[in-house]
Every structure is written in structure tokens, then in C-alpha cells.
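After this come two complexes, each holding subunit A, first together with subunit B and then together with subunit C.
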Partner chain A sequence: MLEVRDLHVSYGKARAVQGVSLRVGEGEIVALIGANGAGKSSTMHAICGVTKPALGAISFRGKDITGLPAHRVVPLGIAQVPEGRLIFDDLTIEENLVLGGITLPGGSERQRMARVLDLFPVLAPRTGEPASNLSGGQQQLLAIARGLMSNPTFLMLDEPSLGLAPLAAQEVFDLFVTLRRNGVTILLVEQNVRQALAIADRGYVIESGRIILEDESARLLEDEGLARAYLGIERQ
Partner chain B sequence: MIVDFVQNTLDGIFVGSSYSLLAIGFTLIFGVMRRLNLSYGPSIMLGTFAGTLLFVEFEAGLLAVAAATLAGAVLAGVYVERVCFWAIRRGAALASMVSSFAIWMQLEEIVTVVFPDRTYPFPPLADFALEPGPFFVRGDHLVMFACAAAITVLLHLLLYRTRFGLALRAVSRNPAAAAFVGINTGLVLFSAFALASAIGGVAGYLIAAADQQITPFFGLWATFKGLIAMTLGGMGSIPGAIAGGLLLGIIEAHSGWYLGTEYRDLSAYAVLFAFLVFRPGGLFAQRQTLRSQLAARRV
Partner chain C sequence: MDEYLVQVLSNIGMISFLALSAYILLITGEISFGQQAFFAIGAYASGIATAMWGWGFWPGLVWGAAAAGAAAFLLAWPTLRMRGLFFAIGTLAFAEMVRLIFEIFRYQVEIDGELVGPNGSEGFRGIRYIFEQDISAFHYMLLIYAVLAGVLALLFVIERTRLGAIWRMLGEDELLAETEGVNRTYYKVLATVVAGAVAGIGGALYAHMNTYLEPKIFNVMLGVHSLAYGLIGGLGTAFGPLIGVGIDIGLLESARIFSGYRMIVFGGLVALLLIFRPRGLLDEAAVHALVAWWRNTFSSPAKRSGGSGRPPERPGA
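Let's turn to the complex of A and B:
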């Protein structure tokens, strides 16, 4: 479904991504694992068109989307839920959702919103409130809900469980499994590596802008070096 | 006594409504870009000269002059957007302001080369006047006020009832998030600029028609009035721009009457100074400004 080949992203002299190649198949959940600053977010930004890649090729369903701006990528069915929520906090919840689907025609908006709100019962009764009224965890849910408003077939999530209480985080991960069942392919960046790999089919480990390891989730969870680097030492 | 006071206040409101329009244009651009466009007044001035050109050379009618003024202001405004804002959209906000000053000089130069005389006539809008009781209201002032009110209502509907308005508000609040949801932020900024220029064009037409003459200094004048009104009201706030414009008009009318015309501008500057000292965020200070002020006080 998505194929990234030899992607390079630079910000001035800083080279954030130096030759990442990855592939996400239809219906998969793929985790992208790595330390802070390894190039995970930059890879996602290049895919969704917020950042222009310096080099490399990105194709989605066989169509070359390299360097396409976000306002042309989102209508293709790609959505990103950015890190740190980035919601519109003085707009209402409803306005936030409408903005999530702003690239699609307005006619189907009511229907799409009803369907998205079905997945987020905490948001449904509060659509008229400003988004800043929501708690941190609920704002994260709103960010995900907003991402779904553009009817994505491919959803990228950047640290979706950041700052969530363990129970709330688990709910979010359960939601991703539900989404996958509904036909959404997912690329996931997570600090919470163990939980991410628990729902993912495959994972890529990225270090200093390069992919250093790629395997099935179960095998990655077994990997000694990975365990030491990212899973914490509490593992036996 | 009381008649004078009411009459002055009325005059102030009527003239102030045109200041409100100028301030709305300023604040619209500042609100979405967080950048100041000093060339706003001069691009309106260019528009009024396009109108006067039709009037002087071809004896064009009212509508044609109005259309030319509007078109000229929008074209000049869009030119400023491309050169000063789009071209350096990633640079410092200060760079945009400084280059908009350079374009100001350029626009003024163009006009003074094409129109070498000091002043040019501009066709009047309405020649009637109303005299309700002891008061006197100029017809063109009435039209000015009505246009300002109508534009305010239309702008409010555009911003709060349409998807374009929502996208514009999204870009102004959080440009990064706006890019993620797939808003074409460049196009939204461009449209906001064109919209602000069109509002400025209407203001320019109404003011020039009321004065029945224009000079190349109109650009400086319009930038001053718009900036002062915006600052009084609160930068980036549309209700603030309206209130600031009316307040400026009322201050000018009263000080002109009670202190003498030579104190008109001085009084306006004194009030601006007082605001900057005691309420720097303006009448409708944005929450953000108030918060940073509070924070500064705590430190």
C-alpha cells in the first residue's frame, strides 16, 4: 500500500532522515521504533507532505506522491495524527472535526462526523464546547478523531499514547485494532514500544535516520539488543 | 452644549466607521499571518488613483470608479502579498514588515510619477444631507456607515458560517495543525490578503468620495489611521478593530471641536500612548496577550 524508498529529509544542515526504506501492506499495523530524534516523525512528515523530502521516493497505492503537499496527500486517504496533539484549542470540538475532513466535500460531513463520534463516546455529548475544555487524554482522542474525519485508508499516528494514563493508553491501542478491523492501515510511532509491538504485525527500528532492523513484531519482542535499548531492563 | 456633544459623537462614529474598515483589513492580515503590512494604506491609495484615472480621463460614472478603486486596491494588495509575505514566508516576521515598507515607497513613487500634481478630484458619492432636529448628517457619511456595517456583518458570516472561514480561523490559530489536516495554508493566506485588500478598497473609495479629492499621501494617512485603530482595539481582533475605529473617530471629532483642529491628531496619539502604557493589548486584548502580561508581572 505504502512504499518509501531511500528517503532523505534535512532541515538546513541537520540530516534527520538518511535513507529510510519501508513498506506497509494493506491492512497491516506497522510500528516505527526508535529513540528521540532518530527520524521517526520526519519520516511521517515527509509521507504526509508537511515536509518536503530531499531525496528518495514515496508511493501510495502505486501512485508517486513524493513531495506532494499535504493538501493534496490528505484527499488520497492518508491522514496523520501529529505528535503533541496540535488540536485547535480555542475552536469547538465540532469545528476541530470539520477541519479534519476539510479536504472532502461538505455534503457527507454530518455522516462522517456521526460515524467518527460513534468511536469516541466521550466526545459525542460535548461537540459544542471549546477543545481546550477537554482533559489531556481527551484532547488526544480528539486529535485521533479529527484524523479519521478525512476517511483515511492509511493512518499515521505519532506518539498517540504520550501523556496518557495506562488505562487510557490501553483504550487507544484497542481502538487501533478496531480501526484495522474496519479496513484502516496503520503506521505507528510509539515510545511505548512493548504495547505498540503487541498490536503491530511488523516493526522497523530506526536509529540516526536509518533503518537498522526490520522484523515481525513477535521476533522483535524477542530480540535481545532491542530489549536492552528500548524495552527497559525489567525484562527477564 | 449637549447638542454639540451629540453632533460631534455622531460625526466621530460616521468617520470612525471608515477607520474601522481600515483596521479590519489590518487586523485580518495580522490575525492570520502575525505579520504587519505597512503597505496596506499605500495599496489602497493606488486603488483610489485607479478610480480617479477613470474619472478624470474618461468621465466614468460612480460604479465604474468604485469598481476600479476596488480592483486597483486588490491588485496592489496581492502584489504586496507575493513580494513581501509569500516570498519570505519562512523568514522572520520583521523581514516582511521592512519589505512592506519598501513596497510602500515603490507604490507611492509609481503614483507620483503617473500623477505629478499634488491633488486630484474624486467624484462625490451622495450630495444629500439629513437634518434630524438640531443635528446634521452628511449623506456620504450615512452611506459610509451603512457600508461599514454591512461589510462587518458579511465578514462575520464568512468567518463563522463557511468552511473557508473555518479554514482561515484554523490557519490563524494554529498554522502547523492546519497544514496537517490538509488545508492549503498558502492559498488561505493569499485569499485573506485579497479579502483584506478588497475591504480596504471599499474604505478607500468611501473616504475619497467623502473628501472629493485624493493625494499620494493618502497611503500614509490610511496606514496611520488603520494601525492606530487596530492597536486601540487589540491587534488581531475584529470586534477590536471596529471598536478601535469608532473610538478613534470619536476622539478626533471631540478634540477637533473642543481643542481645535490642530489638536486632533495629537489627541489621537495621546490616547494611543495611554493605551500602550496602561492596556497594551487594546480594548479587546487577546487572551494570549493578557496571559503573557500576567506572566511578565509575576516575574
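Let's turn to the complex of A and C:
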């Protein structure tokens, strides 16, 4: 579904991404794992068109989307949930959702909202409340729900479990499994390696702007180097 | 009506256009120190049209707004690549440039044995359309407020549509707006052009009330004030900047109780508000609370309990 080949992203002289290649198949959940500053977010921004890649090619469903601006990428069915939740506290839950599909025709809004809220039983009865009433985990759910308002078939999430309590994080990860069942393909950028790999089919490990490891999730969880670097485990 | 009062109210009305112009950019997240340039362009363009080309008042007004909007469009391309502080400085430089151009701009024609038209730093005399048509100061004041009501109505409609939501979304978080598929450049340029045209309308009204334009009045302080109006009155609704204008011109400048201390009181007021209400008296939260209160007090009980039956509500409305 998505193919990234030899992607390079630079900010002035700083090279954030130096030759990332990855592939996400239809219906897959793929995790992109790495430390702060490894180039995870830059890779995502390049895919959704917020940042222009310096080099490389990105294609979505066989169509070349390299360097296409975000407002032309989103209508293709790609949505991004940026890092740090970024919901509007003063607005109600409903208003936050409206902003998610703001570039789509308003006529289908009610229908899209009903469909999205079906997936979020926690949010559905509270649409009139200000978003600031929600807990951290629920706010993250709202951010994801907002991402779904543009009817994406491919969803990218930047550290959705950041700052969440373990139980709340688990709730978010469980949601991804439900979304996949509903036909949404997912690229997950995470530092929460164990939980991310527990639901992902495959994973890529990125370090200093390069992919250093790529495998099925179960195999990655077994990997010695990864275990030492990211899971804080020493095996005998 | 008292002549002085008419003059004060007319001033409040005209400066309101400038405050609304700065407000439009503020809600999209841009601080401009240069809206006075579009006020000046609107004033000169409409003055030239009525005094020199023999146009009527309304075509002159539209022409002034169009000229200011077009200038804003030209400014938008280079400056919107700059962000935050750099945009503010860019607009400031632009406005000073426009003012200096008017200081040397000479374009005069002879009408009835008299030279009429902009004469550099000497100014632009003889924009007499309103006097020739024998329109009284009171009637002209009503005309200013009628136009202001029209612009306000337009802004209220915009704020209730997707356009208003997108502007506010850009103002809150550009990156987020972009990832939701908003074409940043398009909507920011549009905001700049609308803001420029609104300032241009104010300038056109000013030119015809004063009959005389001088480049030096379109200085930076005018721009700083128009920015401050929105910050004082609030950015939650288009009424906010009008409250700011009312406080400054109505109370501080015209009531004369503060006479020489106007700028001190004004500066102090801005400082206090920035500390206690950084988005003004009528900020977004206040507007939301007011709307909710209005609904609860004046809507029927059936509507009040449900919530699912009410029409979709737009943010910033």
C-alpha cells in the first residue's frame, strides 16, 4: 500500500533521515521504532507531505506522492495523528471532530461522525462536553478519532502512547487492532517498543536516520540487540 | 447630535475597520504591524478616484478596498514564508515603505484651475466629494456605521463557516492544520487579502471624512494600536476589537479626562490585559461560555435537555 524508497530528509545542514526504505502492506500494522531524534517523525512528515524530502521516492497505492503537499495527500486517504495529542481544550468533543474532516464536504459530516463515534464508546455520549473534561488517555482517543474523520484508509500515528498510564496506553493499542479489522492500515511510530510490537505485524528499527533492523514483530521481540537497546533487558 | 460626539463616533467607526483588519490576521496566528499601509492605500486610491477621476463615492470605496486587497496579495507571497516574529517585522518594513512612497508620490491634475492630487509629503488635499454632495457629518457617521455593520455581518458569516474554522485552526496550530489537509498558503493568503481590503474600506471612509491625507499619519503607531485593539477587546469574536477601539478612542482619547496621560493609561491597560487575559476581554473561552449561557437561558426546555437535536456548531462561532 505504501512504499518508501531511500528517503532523505534534511533541515538545513542537519540530516534527519538518511536513506530510509520501508513498506506497509494493505491491512497491516507496522511499527517504526527508535529513540528520540532517530528520524521517526521526519519520516512521517515526509510521507504526509508536511516536509519535503531531499531525496527518495514515496508511493501510495502505486501512485507517486513524493513531495506532494499535505492538502493533496490527505484526500488520497492518508491521515496523520501528530505527536502530543494537540486537541483543542476549549472546544467540545464534537467541534474537535469537525475540525478533523474540515477539508471534506460538510454534507457527509454527520454520517462520518456517527461512524467514527461507533468506534469510540467512551466519547460518543459526551460529544457536547469540552475536550478538557477528558482524561489523558481519552484525549488521545479523541485525537485518533479526529484523524479518522477524513475517512483514511491509511493512518499514521506519532507516539500515540506518549505520556499515558500503562492501562490507558493499552486501551489505545487495542483500538488499533479494532481499526485494522475495520480496514484501516496503520503505521505506528513508537518508543513503547513492547506494546507496539505486541500488536504490530512487522517492525522497523530506525537509528540516526537509517533503518538498522527489519523483521516480523515476534522475531524483533526476540532480538538481542533490540532487547538491550530498547527494552532494558540483559539476557544471559 | 453634538458635533464633537459625531466626530468621536465617526473616528471609532473608521478605526474599527483597521482593528478588524488586524484581528483577521490575529485569529489566523499572524501578528501584523503593517495594516495601516492598507488603510493608507485604500484612502489614497479612493481619494484619487473621486477627486481626480470624477468617480462616485461607492465605486471609489470599492476601488480603495480592491487596491488595498491587491497590495495585500502582493505582500502575502513573500511574507507568509516568514513565520512569527519575522512576519511581524516584514509587515512593519512594508508599511514604512508604503508610507515613504506616499511621501514622494506626486500625481496631480488641474481641476477648475486648481491642482488636485497627492503631492508627496505636502499631502493630498481636496477630497471633497462628501461636501460637494452636501452630506452632513451626522449622515456620514451613519454611513460609516452602515458599512461597518456590513463588514461585521460578513465576518460573522465567515466565522460560522468552514473558512472561519480553518482560519482559527491555523492560528492554533499550523502543523496540525496541515496534517488535516488544510492548504496553509491558500488560506493565509486569503486572510491577508480580506484583512487588507477591510483596512482599505476604513481608509476610503477616512479620506472622505477628512478631505485631506498626509502620509505621516499612517505611521507605525497606528498599526500598533490596531493590533492592541484586538488584544484588549478579545479575539473570541469580531466584537472584541470594537470594544478595544471603544475603550481607546471613546474613553482615553476623547473623554479628555486622561488628556496627556492617554498613552500611559493605554500602555498600562495593554500590559495588564496581556498578564491577566492574554487573548483579551472577550476571548474564545468567554465567547463559548456566553453562547452556552444564551442557549440555556433562552432556548426551549426540550432543546436544552437533548443536545443531539441541535444543529452542528462551528468553533469560533
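To be clear about the criterion, the second predicted complex is superposed on the first by the 233 of 236 C-alpha atoms of A that agree within 3 Å, B and C clash if a C-alpha of one lies under 4 Å from a C-alpha of the other, contacts with A are read in each partner's own complex, and residues count from 1 in each chain.
By definition in this document, contacts are C-beta pairs under 8 Å (C-beta built on N, C-alpha and C of every residue); 3 or more make two chains touch, one makes a residue touch a chain.
No experiment lies behind these values; they were computed from the predicted model shown.
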Superposition on subunit A - do subunit B and subunit C clash or fit: clash
Touching partner for A:128 - first (subunit B), second (subunit C), both, neither: second
Which superposed partner A:90 touches (first subunit B, second subunit C, both, neither): both
Comparing the two partners subunit B and subunit C, which touches a greater set of residues in subunit A: C
Touched partner set for A:110, first subunit B, second subunit C, both or neither: second
Subunit B versus subunit C as contact partner of A:102, first or second or both or neither: both
Residues of subunit A at both interfaces, subunit B in one complex, subunit C in the other: 48, 50, 69-71, 73-75, 80, 82, 86, 88, 90-91, 95, 98-100, 102-103, 106, 146, 150
Subunit C - residues contacting subunit A, complex: 162, 165-166, 169, 172-173, 175-176, 178-184, 186, 284-285, 288, 307, 312-315
Subunit A residues within the subunit C interface of the complex: 48-50, 69-71, 73-75, 79-80, 82, 86, 88, 90-92, 94-95, 98-100, 102-103, 106, 109-110, 127-128, 130, 146, 150
Residue ranges of subunit B in contact with subunit A within the complex: 163, 166-167, 169-170, 173-174, 176-184, 287
Residues of subunit A that touch subunit B when the two form their complex: 48, 50, 69-71, 73-75, 80, 82, 86-91, 95, 98-100, 102-103, 106, 146, 150
